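For reference, chains read A, B, C, D, E and F in written order, and residue numbers begin at 1 within each chain.
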Amino acid sequence: MVLGNLTWREVRDADRELVCVIPTGSIEQHGPHLPLLTDTLLATKVCELAEERRQNSCLLYPGIWLGCSSHHMAMPGTCTASAGTYIAVLTEVIESSLSHGFRKFLVINGHGGNTEPNGIALRELKAAYNEGFFAHAGYFSLLGDVAAGVLRGPLKSIRHACEAEASMMLHLFPDLVRVGLLRDDGLESDPPAPAGLTVIHHFDEVTEEGSWGYATHADKETGRRLIEAAVAGVVGAIDYLGNGYVFRKS
Amino acid sequence: MVLGNLTWREVRDADRELVCVIPTGSIEQHGPHLPLLTDTLLATKVCELAEERRQNSCLLYPGIWLGCSSHHMAMPGTCTASAGTYIAVLTEVIESSLSHGFRKFLVINGHGGNTEPNGIALRELKAAYNEGFFAHAGYFSLLGDVAAGVLRGPLKSIRHACEAEASMMLHLFPDLVRVGLLRDDGLESDPPAPAGLTVIHHFDEVTEEGSWGYATHADKETGRRLIEAAVAGVVGAIDYLGNGYVFRKS
Amino acid sequence: MVLGNLTWREVRDADRELVCVIPTGSIEQHGPHLPLLTDTLLATKVCELAEERRQNSCLLYPGIWLGCSSHHMAMPGTCTASAGTYIAVLTEVIESSLSHGFRKFLVINGHGGNTEPNGIALRELKAAYNEGFFAHAGYFSLLGDVAAGVLRGPLKSIRHACEAEASMMLHLFPDLVRVGLLRDDGLESDPPAPAGLTVIHHFDEVTEEGSWGYATHADKETGRRLIEAAVAGVVGAIDYLGNGYVFRKS
Amino acid sequence: MVLGNLTWREVRDADRELVCVIPTGSIEQHGPHLPLLTDTLLATKVCELAEERRQNSCLLYPGIWLGCSSHHMAMPGTCTASAGTYIAVLTEVIESSLSHGFRKFLVINGHGGNTEPNGIALRELKAAYNEGFFAHAGYFSLLGDVAAGVLRGPLKSIRHACEAEASMMLHLFPDLVRVGLLRDDGLESDPPAPAGLTVIHHFDEVTEEGSWGYATHADKETGRRLIEAAVAGVVGAIDYLGNGYVFRKS
Amino acid sequence: MVLGNLTWREVRDADRELVCVIPTGSIEQHGPHLPLLTDTLLATKVCELAEERRQNSCLLYPGIWLGCSSHHMAMPGTCTASAGTYIAVLTEVIESSLSHGFRKFLVINGHGGNTEPNGIALRELKAAYNEGFFAHAGYFSLLGDVAAGVLRGPLKSIRHACEAEASMMLHLFPDLVRVGLLRDDGLESDPPAPAGLTVIHHFDEVTEEGSWGYATHADKETGRRLIEAAVAGVVGAIDYLGNGYVFRKS
Amino acid sequence: MVLGNLTWREVRDADRELVCVIPTGSIEQHGPHLPLLTDTLLATKVCELAEERRQNSCLLYPGIWLGCSSHHMAMPGTCTASAGTYIAVLTEVIESSLSHGFRKFLVINGHGGNTEPNGIALRELKAAYNEGFFAHAGYFSLLGDVAAGVLRGPLKSIRHACEAEASMMLHLFPDLVRVGLLRDDGLESDPPAPAGLTVIHHFDEVTEEGSWGYATHADKETGRRLIEAAVAGVVGAIDYLGNGYVFRKS
């Protein structure tokens, strides 16, 4: 079920075991070839396709399009929330529905910069609402081995405005891809950091034009397979939270 | 131009005199007959139609769908932001674009509960960015005399899930209207307050089923005329900020 | 009853149906002819006069003199609170008295810049204390048709340091009016904005000397009549909240 | 000069060496014999009397009447700000005037609960505005040896609604003192704490009726002498900041 | 007992009458002769020595080493928290243990800049947890007459990186004292302020090299006696809270 | 160099290319066999050992011992900061040193719950101080293949109070390990979640006694090798930031 299309009476009568699915994205630069709303479009679309397969066990929320994108702010058009504001938005959406009796929440993220704030929001919600079930994942982290199998360029996972994202956009929103401008970028950008060390960098420091990956290898069919895998992943997560999630101690 | 569809290079090259148009809505109960996302759908659609007429002089942002809806929270499915969080979201969207050189911002609101926070956000932005131009309006406040002219029920303005909103939804999103459940409500709800006094009430105190107005009078053609007037109003506001807005002292 | 003059035992023994009346003002420029504290003086005095007529049904709080005045900050002497701080003050005053069992609150405002924050504070209080009764009004919005009837200049309502405010100050605080400096200002300041559009401006952008209206028409007797109407309006609001306020659904 | 009575032009033309004097008080229980506004009345009156003697070297602000009074909240009528809100109010008042070029600020406090927040506000202001001069004192801490000399009861300093406060109220606001209810209280309330240890207690834990001291010894003439000493102390502080305050390193 | 060394089962089984002792310090300049961590080292060590004497009646927390040190920031190496952050840390530590049933808290401070925030934190905790017992003291305020008795220089109390602090460091951490750089400083720094007036100053305004006092008089044996007195003072405070603290009204 | 042991003059004269190393830990339950301060002890000790090898290229801060531990709060003795407070502490420590000219910061974490807030703090610092270099890592993520090589139990990485943590504590702080209580726990706690999905759980939901892993396999020599690898990892990170870190674009 799609929350925004329902009336309040329909929500009132809905099963409280429904998994509330909240897509999170961004509006931020995606290189010369992809539109600013790419992350929001992909995360939301993946969730919509998953909802079509699990209409009776999930409640789909609109996509949150303002993400944590400070690392892209050097490139115009990007909008960013502070981490505090972003966390507050996600928290207040979920608290609203907790107050109506829902208790299973699945955040599906389309933008790497949101991963940490999503985690923090859900951890603090769990501390406040111990009876709730909270889980999150990047749709891109639910692909299993598919990405490695279908990507043709040297980079075998999703980065930013890369082969994978460009392929999925070609599959779902072909009119929004500037095909003539597809570009490989950011490929040797960083001196290799020691394994396990996270270095904070801005995209204007490590790329030339904002993308990171081999977008010139993008392909519609690759995109179709990635989306199919992502949708399957979200469906699996819905099923896990909806049906199978039970605490068991050793 | 539609911000989300652009690439960062296109924004970089865009005219800084463009009027940034930001729709604000809500996800909240709209009686038994209209969907939760009504305010967001209407405000966003009005802005999209205005953008089509002023592609070269405005930059349309995605609609902010989480509004200040605490007065509707008694009815399930409503989500609400605190005023502080709502203000922070709008502020950070605008600050992002101010940092890229844009300076004309027009917030078009679809939900009464956002009017005060929109005003506060823009006033504090003006205090911080004196060189900016900030304006806001409910699309419903830009109708001029049209509402009074076309509405057929006894209430001659827009209230909530009323004849006007139901008519516009019938015109734009007919599949989302529960026609069989259209209902008049809230009509004698409040003891008449002294003129000029604002009494804070929740919708469950003053309505039976959440709507307020004569939705049974709703009509597709009424909706068409209201939308046309609203779009004309937004176009007028874009023109005012874009071309005509000059400070003149007496 | 005047809260500040009471002892705690007297408050302990007071009726919890009393309407708590809280005046809100500002300390901000009022042109060359009126003192900085004008809004606070007028709102507080109106409430004091109302309290004299309803001693047994209201509890009068001291006036809050720090308002939201960022739009006047270009002119020295103005002090401004951020919206967040202003809202917190009003909220914490009311929460204090809610904790002692009072539940009817009437905020009487003397400064336009406080209207939105007053609304937000009361809405969030209502969300947190559903059993409370919260209402607010500018004293200037309770005048009914009196302003239009008595004002002699071309502007028939209250603006800022205008004929109306100057008249009321002449009536109540004549020593604080710089009669020789009374000035008309801000009269053609703005290019006319489209009806329904709120444009955020600072007073130094739209006036020459900070006032807005035809203060040269100010007159003591006009002030007397306006004050009388304002007091009657506040008395009416007290009576409404104190005696007559009952929720009725259709 | 009294800020609230001035016009903005007069402030614009005022000397930036003026010492801005800000009284801080409270609205809180003061036993059965003194009114809730006692601290605000006394601090403000002391400052007004000081201003009369130093009209050309100080700028007197209205008294801040909402203090940090959580320790009195058990007794109705008390209002309290959180420390954060209280600090924000004082900070924003001072920041407003810093922005207009004033740089010497003297906070005169009438309520013990404000002492720590006053200190914190001024310390954080000093960190942000290194060129400013910030000082604060309870008017009661400026009495020198006078209190010990004039008080007749066993307690030789100011506590709360005690002989000293009751005496000063008898001198300045005799109509607000419930003479028949003057009461000694709180006298053996606490097991003696080790010297130097600050124990946080609420007044309902350590008094019977909210006052702390020997108010039955209160006397108008005692009050006159205390006020005279306090006024002299504030005048001395104004002179110190206004004329004599120079940083000298060893 | 030392909290950090315990396991959770041991805490689970511990007496809830234990006094939780929390040392607070700073990392800030201490002149040319003492290390940045001086305040933290001294406050923590005093508490450790007290804990050794009252193992069965107190629970010692790790020292909080980030203090409110904005007045020392001109000298490199100093780190400062804002008052709000500092208060939040202390508050959340105590709230954590309140949630586990502990209710007696004693904060032992080693840095003057923390005194006010410690007071505010505990006052707000008391307002929220009325059943809790909260007390605080600078270890330096628990010395009774010992400081005056043992200090040999002209200053008979503790100031900053002074004879007293240098002596205690010589006693406890001799390797960290730069004996050759011991220095008298800040001795005539301030024009004498009126008694009772607190003037906010930064240490670079009133000292040459950051210390304030007669450190050249420092002596190991003086340090030993001061520490002994401080430990006795903390032990006395633990006993007071642990055994003797009962509310009694007059 | 160890910051806390330095004087301000020594910091003033230090090279601004020094890498500021900040250990972050927690005080939280670690099963029946390890003390509450385990994470802080290990992270700090690893950094101290690394500092000994790179005295001239790093500046070691005291360990932050209050972590984000809400998921352990069901077990007494745990203290937790909210994410906002934790982030503020780390941010203000780093901002202090940025103001003194340092610009390379390396946060070494000992507690999984701090990973996300560490990331957010550094990302927001990077957004505010674009010229800064910010990196973070769990010391446990710098082990390379060593953990898999030396651990003897079935779990080949670090979890919580597990074989690895118990081994390192046996090596470094043997007196703090309750050897007789070493326990395997949490081993089949969770129904296996889909790969890539992060489920938020509290430790009392998924363990019996708070530890997670095969602590019964703990061994001093294993601990020695893990610590050696961790120290080497931190040294490598210091070298990377200190000498080798240069932005290069493709």
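Rule of thumb we're sticking to: contacts are C-beta pairs under 8 Å (C-beta built on N, C-alpha and C of every residue); 3 or more make two chains touch, one makes a residue touch a chain.
Here the structure is a predicted model, which is why all the values come from computation and not from measurement.
Listed by label, the chains that touch chain D and also chain E number zero.
Counting steps between touching chains, the shortest path from chain A to chain D takes 3.
Path length between chain B and chain E in the chain contact graph, taken as the least number of steps between touching chains: 3. Here the repeat of D-E among A-B, C-D or B-C is B-C, since over half of its contact pairs match by residue number.
Same-residue interface: chain C and chain D share over half of the residue numbers found at their contact.
Inter-chain centre distance (chain A to chain F, centres taken as mean C-alpha positions): 28 Å.
Averaged C-alpha coordinates give centres for chain C and chain E that are 48 Å from one another. Contacts with at least two other chains are made by residues 73, 80, 82, 84 of chain E.
If you draw each protein chain as a dot and join the dots that touch, you get one closed loop, with every dot joined to exactly two others. Chain B makes touch with chain C in their complex at residues 68, 70-71, 73, 80, 82-84, 87, 113, 116-117, 119-120, 122-127, 130, 133-138, 141-144, 185-191, 193-202, 205-208, 233, 236-237, 240, 244-250.
Note for the complex: chain E touches chain F at residues 3-12, 14, 27, 29-37, 40-41, 61-62, 64-66, 73, 75-82, 84-85, 88-89, 92-93, 96-97, 99-101, 176, 178, 181, 209-210.
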